[in-house]
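Chain IDs A, B, C, D and E follow the sequence of writing; residue 1 opens each chain.
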Amino acid sequence: MKSILPILTVVAAILALWILAVIPMNMHLTADQAQRDGLIVTPDTPAARQDYSGLGLALKNPQLIPLTYVLERPRLPSPHQVGAEMGKTIFGQKITSRRSLVYHGWVTLSATLLGFAIGTGLGILLAVGIVYNKAMDMSVMPWAIASQTIPILALAPMIIVMLGAIGIQGVLPKAIISAYLSFFPVVVGMVKGLRSPDGMQLDLLRTYHASPAQGFWKLRLPASVPYLFASLKIGISASLVGAIVAELPTGARAGFGARMLVGDQYGQPLVTWAALFAAAITAAALVGVFSLIERLTLRRMGMRAT
Amino acid sequence: DSHANDVTLQLQWVTQSQFAGYYVAQDQGFYEEEGLNVTILPGGPDIAPPQVLAGGGADVMLNWMPSALAAREKGLPVVNIAQPFKTSGLMLTCWKDTGIESVEDFAGKTIGVWFFGNEYPFLSWMSQVGIPTDGGEEGVTVLKQGFNVDPLLQRQADCISTMTYNEYGQVLDAGVSEDELITFKYEDQGVATLEDGIYALEENLEDPVFVDKMVRFVRASMKGWKWAEENPEAAAGIVLDNDETGAQTEAAQVRMMGEIAKLTAGSNGALDPADYQRTVDTLLAGGSDPVISAAPEGAWTSAITDKALQ
Amino acid sequence: MKDLTTVQDTVISAKGLDLTFQTNDGPVHALKDVNLEIAKGDFVSFIGPSGCGKTTFLRCMAGLETPTGGEISVNGMTPDEARRARAYGYVFQAAGLYPWRTIGGNIRLPLEIMGFDKADQAERVKRVLELVDLAGFEKKFPWQLSGGMQQRASIARALAFDADILLMDEPFGALDEIVRDHLNEQLLQLWARTEKTIGFVTHSIPEAVYLSTKIVVMSPRPGRITDVIDSPLPKERPLDIRDSPEFIAIAHRVRDGLRAGHNDV
Amino acid sequence: MTGTAIFSALGVWGLGWFINARLANSALAQTRAVRLLIPAIFGLTLLIMWELLVRLLEVSPVILPPPTAIATRFGQEIPLLWADFVQTILKGAMTGYIFGLLAALVVAVLADRSDFLTRGILPVGGFMAALPIVGTAPIFVKWLGSDWESKAAVVGVMVFFPILVNTVAGLRDTTVMQRDLMRTYGAGYWPTLFKLRLPAAMPFIFNGLKIATTLALIGAIVAEFFGSPTVGMGFRISTSVGQLALDLVWAEIVVAAIAGSAFYGLMAWIESRVTFWHPSQRN
Amino acid sequence: MKDLTTVQDTVISAKGLDLTFQTNDGPVHALKDVNLEIAKGDFVSFIGPSGCGKTTFLRCMAGLETPTGGEISVNGMTPDEARRARAYGYVFQAAGLYPWRTIGGNIRLPLEIMGFDKADQAERVKRVLELVDLAGFEKKFPWQLSGGMQQRASIARALAFDADILLMDEPFGALDEIVRDHLNEQLLQLWARTEKTIGFVTHSIPEAVYLSTKIVVMSPRPGRITDVIDSPLPKERPLDIRDSPEFIAIAHRVRDGLRAGHNDV
């Protein structure tokens, strides 16, 4: 709760910047529109106005500045426009309606959570394999890295088609793509974490002739907990991004991704921006949940959470 | 049984009035009347319908003919079984104040083009009029256009590709008036290629059960199209009902339905061999970077429409 | 390789042991030609200037370090095999408690690993905590303890299970005289009672003489053994034995050995 | 047919794994050649399985082409692939990576100066991490045009958060004693930062840098789907999917994988130089 | 708050100092009503059972811990201000070397921070390395050194710059008698030469008596001062002063104090 004020401060700073940026970003569109509506604009042709920066144009036409905030199809929507759109689509609709962002949020979130569970599980398993098995250490890591350089949006349609061919449809294909994006940060972080115990901590177990399993549960796993949480926080946002990306090749039917795409394609920037913010807020909330769990866990483990 | 009556249709874009006929047939029970159980899969920016067909994800797809013919050359034998769209809705939309008045003025300009299999008509056209597409003073600079009209509105491009029924309306919605623009319809330039045909895999067409299913499918779909042409507002409403994103607006879909009706108007579903020939000729004229290298064989069949239209 | 000439009750035998560390600026010869036999029930102290290889030698005995030359066997096995037989209790030079476990949890660690049952664990934790005078600190985390208390906790951890061989690397370094005397007595009693074999690194000459049946004096660069003194003192050792002439004589010999090691440098 | 295919593929897998397990546990395991050989064998195993499965199951080449076809196409298209590589990786990904990195370091250090700012910036940074590329890419293309500048911006935003989070976590990862030592010297903020906290943070920072390498590539490639000039890996991939030229798609993916692994490898190598002292590097 | 009654040469003055730690299972009273005046040039030893608050008290002096009650001032300033004036050289109970710096680099650390010039840095590093007998180990990393060597490196680090107040927490705990005697002499010489004020925690009674002008005996639970002994020994102290009757008398008094502290428990 101590964080509320700092967050508000940072948010306020960003809002201020945003509000200022709206003017130059939207100036050209505003000027074009104003001219069509019969207002006097200098210079008086769109082509000539291209020679000016947004700021320069604003200085020449200060009377147009208020209009930059109310464009119907702005280049950069103003905060109150995004806020109003979000209010309308979050609170102004029944949550089961297709026009409700809550409905679309749930569509995306369900794929996210399933994908995150699969991705994290797989990531931890791989990390354990890499730490405990030399052959895996030396062969898997380079390919895990390579797997992440494959642009998933290019593979996604093929994955969907192939899964579709064996009868897997619905939330699972999306979750698999989401898992594909989230397992990697978990692998990298967990490998590091599982290897973080120092020589003496390891030697102690060797003097007991602890089994590898005991070494895992009693030393490596607890020592890796701070790393695990760092990875989980990155992994959950990666999962969300993955679920959204996966919505395009699955026919963009519902979910945040579908809203973004359709908003973009039909010239409704507010729809896109509202979905974008809703997605980011969802992610921030998820990350917040993990931060909380992290703090509680570390406190219980006696590690002073800073 | 399911093999005899289940049909999965892969659209080539998200749910919109461009596909009204199929949604109407579904909604008005035309498919049901034919004993069919139809699933309509919306498309999207990354969905290549031929790939879905090849992967067994769908029985039939909608596709533009250039893209379908290219797929044939790539070894995926797809066959046009019906052609509900008679005329092409594709055009280039340019700012008038860039000084463009005719095709010759394209030299030195930047033009947004859809790729993903939809670039063929443009490339053939340019090669027919002898304008290089690799930039420079003499040629045009080509941009791969995203799924919106921003490059034009932001003046990053002098011209962009638009469909009469969708993107052009969006340019107008953005407050641009028609007299600020100049448009080049492919239809008017003599380089029109066939759009939105219904395609199936060649091997499936050897199966009489499948053929029978397709006959019923095409018949019901065309019934849907004609219903949509007559009731544009209701058809748009049906499309909206099927839009799961909830982001489409009624005004846009009604307008789109109106424009679409103009493109389907001349067709009863059967492919006109002359249109086919013009499409093939246009593509073969494609110069150094041909879309197809030889006139295709068996790329369409009238067997289905013949039965369906009896 | 099993050495057939070794008599039954030799527990640890090192022959021509050599260990060189490779470092960024050249090799360090930490052990050179080290020969030593330790019999069952021996209490062996290692003493020598810092850096002479005491820790390294102890680690070799426990199989934590692989010698680059020579041979070492424990109960006729390699140290590795002996470790597998859970022969060792080891007290490191630094406490090395796991920060996420309480003191009690740290002491319980080897018991959990070796599969002692719950009741037995609790009983043992309680007993060793009392032994090192830390009763009441069971629930604290390591960083809430003073340096000396941490060291005692690590001793308790090594004593909690009954290893045959106890290797202790300066266990009493951070303790004051009174506690040290107390723990020395406790250790001697434990040793007398259980017949453990003990390897013990210390910097205190009186401590070494008071506790040991054998005192090994080492010298650095390269680390080697310069003297091995078998103590004539009886097994029963009251604290005031430290004023006896035998005691003082041995202490003298150790001090001379140490000094010689220092002047070598 | 399916049975044979699956059995032969499993056989290949078993063989590859057996060879690797032997190699990894052999005395040669630490030699440079073997360290490279093992992942190569692993990869080769996967490739052979792929080839076998595609051929035996007669998978259509417009869905998944066999590796041999991809290799052939790769060989034919080297100049094209190179031009795409320059456009996407060198111009788009690298510029964005460097800007994102610098921004993250600056913000991390700024935030770290006060607990107040840290508490404020971290959640907001988390917010940014979750801005999905599907949403940001069209916006940046709208703002910055279709060329590589918009791709660099997308990449910058994508890599910013992982580096930021790791840097902030790393800057806090010092022991009480290490900090107290600095305090006894009366060391001010900057000496403590440069002499204690940054060195101690390095293992974490590199964690972020490594994760960011792959993000940078994905970002630059995928952003091209939303508008690009007629060159670039993302442009080629999306265009070729539409043309069903899947062999060219996979050739680009191979380029991406090679570039990504090399980039990651470079970062890991620098990491091993900089954080040689960390227990995870020592044993 | 500046205390006007303090006379000029009082360096450290603690009045009614109290410190309670809050832990997961209740508060720990680490310091209770501690009063002490240390004059400029004093050599003060702190001795007491482990856990009696020696480290905590030293940390309070250096402003590393904030007392929960009472007052402490250093040179008439708060410890925080004094720290900012770079008044302290501190040797921690554990070596605490930075693992990414070589031994030389670790010793150079305070010199860099305090802005010594390059040549001076090199010269000082060389000098203190010789003082603690680590010449030749400059380029090694901490984990390549034995425990005692690490501790000596940390002593060298504190001696490299000329702090007025030297606070040392069991600096010689891991060293053998010979080195310890040697470093004791060196420390006395340094002290005599420079007029530093030294606070020194030790567990060795002879060491405390040999080095100090003032010996503070502490007792645990709650941590408090039970005796403060002003040494009558002269400033000039040859090693054999340890056999003089005054020496033995003081040692006796300290041992009694210590024992009392232990029995308290």
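By our rule, contacts are C-beta pairs under 8 Å (C-beta built on N, C-alpha and C of every residue); 3 or more make two chains touch, one makes a residue touch a chain.
What you see is a predicted model; the values in this text were computed from it and never measured.
Student: Using the touch definition from the top, list the chains contacting both subunit B and subunit D.
Tutor: A
Student: How short can a path of touching chains from subunit C to subunit D be, counted in steps?
Tutor: Steps on the shortest route: 2.
Student: Looking across all chain pairs, point out the one with the most C-beta pairs in contact.
Tutor: A-D
Student: Could you name the chain whose CA centroid falls nearest to the centroid of all protein CA atoms?
Tutor: Of all chains shown, the one whose C-alpha centroid lies nearest the global centroid is D.
Student: Considering subunit C as a copy of subunit E, what rotation angle in degrees (nearest 5) results from a C-alpha superposition of the former onto the latter?
Tutor: Resulting rotation angle: about 180 degrees.
Student: I'd like to verify one number: the distance from the centre of subunit D to the centre of subunit E, where each centre is the average of its C-alpha atoms, in whole angstrom.
Tutor: Chain centroid spacing, subunit D to subunit E, equals 50 Å.
Student: For subunit C and subunit E, what's the span in angstrom between their mean Cα positions?
Tutor: 29
Student: Based only on mean CA positions, could you tell me how far subunit A sits from subunit B in angstrom?
Tutor: It comes to 34 Å between the two C-alpha centres.
Student: When you check subunit B against every other chain, which residues touch at least two of them?
Tutor: Each of 45-46, 48, 51, 54-55, 146-148, 154 in subunit B touches at least two other chains.
Student: Return the residues of subunit A touching two or more other chains; collapse runs of consecutive numbers into ranges.
Tutor: Within subunit A, the residues that touch at least two other chains are 75, 153-154, 157-158, 161-162, 199, 248, 261, 264, 302.
Student: Provide the list of subunit C residues touching at least two other chains, using ranges where the numbers run on.
Tutor: 94, 141, 143
Student: Go through the chains and record each pair that touches.
Tutor: Result of the pairwise touch check is A-B, A-C, A-D, B-D, C-E, D-E.
Student: Using the touch definition up top, name the residues of subunit D that touch subunit B in the complex.
Tutor: It comes out as residues 60-63, 138, 141-142, 145-146, 224-230, 235, 238-239, 241-245.
Student: Note which residues of subunit D are touching subunit E in the complex, please.
Tutor: Touching subunit E from subunit D are residues 175, 177-178, 180-187, 191, 195-196, 199-200, 202, 275-278, 282.
Student: Going by the contact rule set out above, which residues of subunit B touch subunit D in the complex?
Tutor: Listed in rising order, the residues of subunit B that touch subunit D are 45-46, 48, 50-51, 54-55, 67, 70-71, 74-76, 115-119, 133-134, 141-148, 150-151, 154, 156.
Student: Okay, in this complex, where on subunit C does subunit E touch?
Tutor: Its residues touching subunit E are 21, 23-25, 28, 47-51, 54-55, 93-94, 133, 139-141, 144-149, 152, 169-170, 173-180, 203-205, 255, 258-259, 262, 265.
Student: Going by the contact rule at the top, pick out the subunit A residues touching subunit C in the complex.
Tutor: For this pair, the touching residues of subunit A are 200-201, 203-211, 214, 218-219, 222-223, 225, 301-304.
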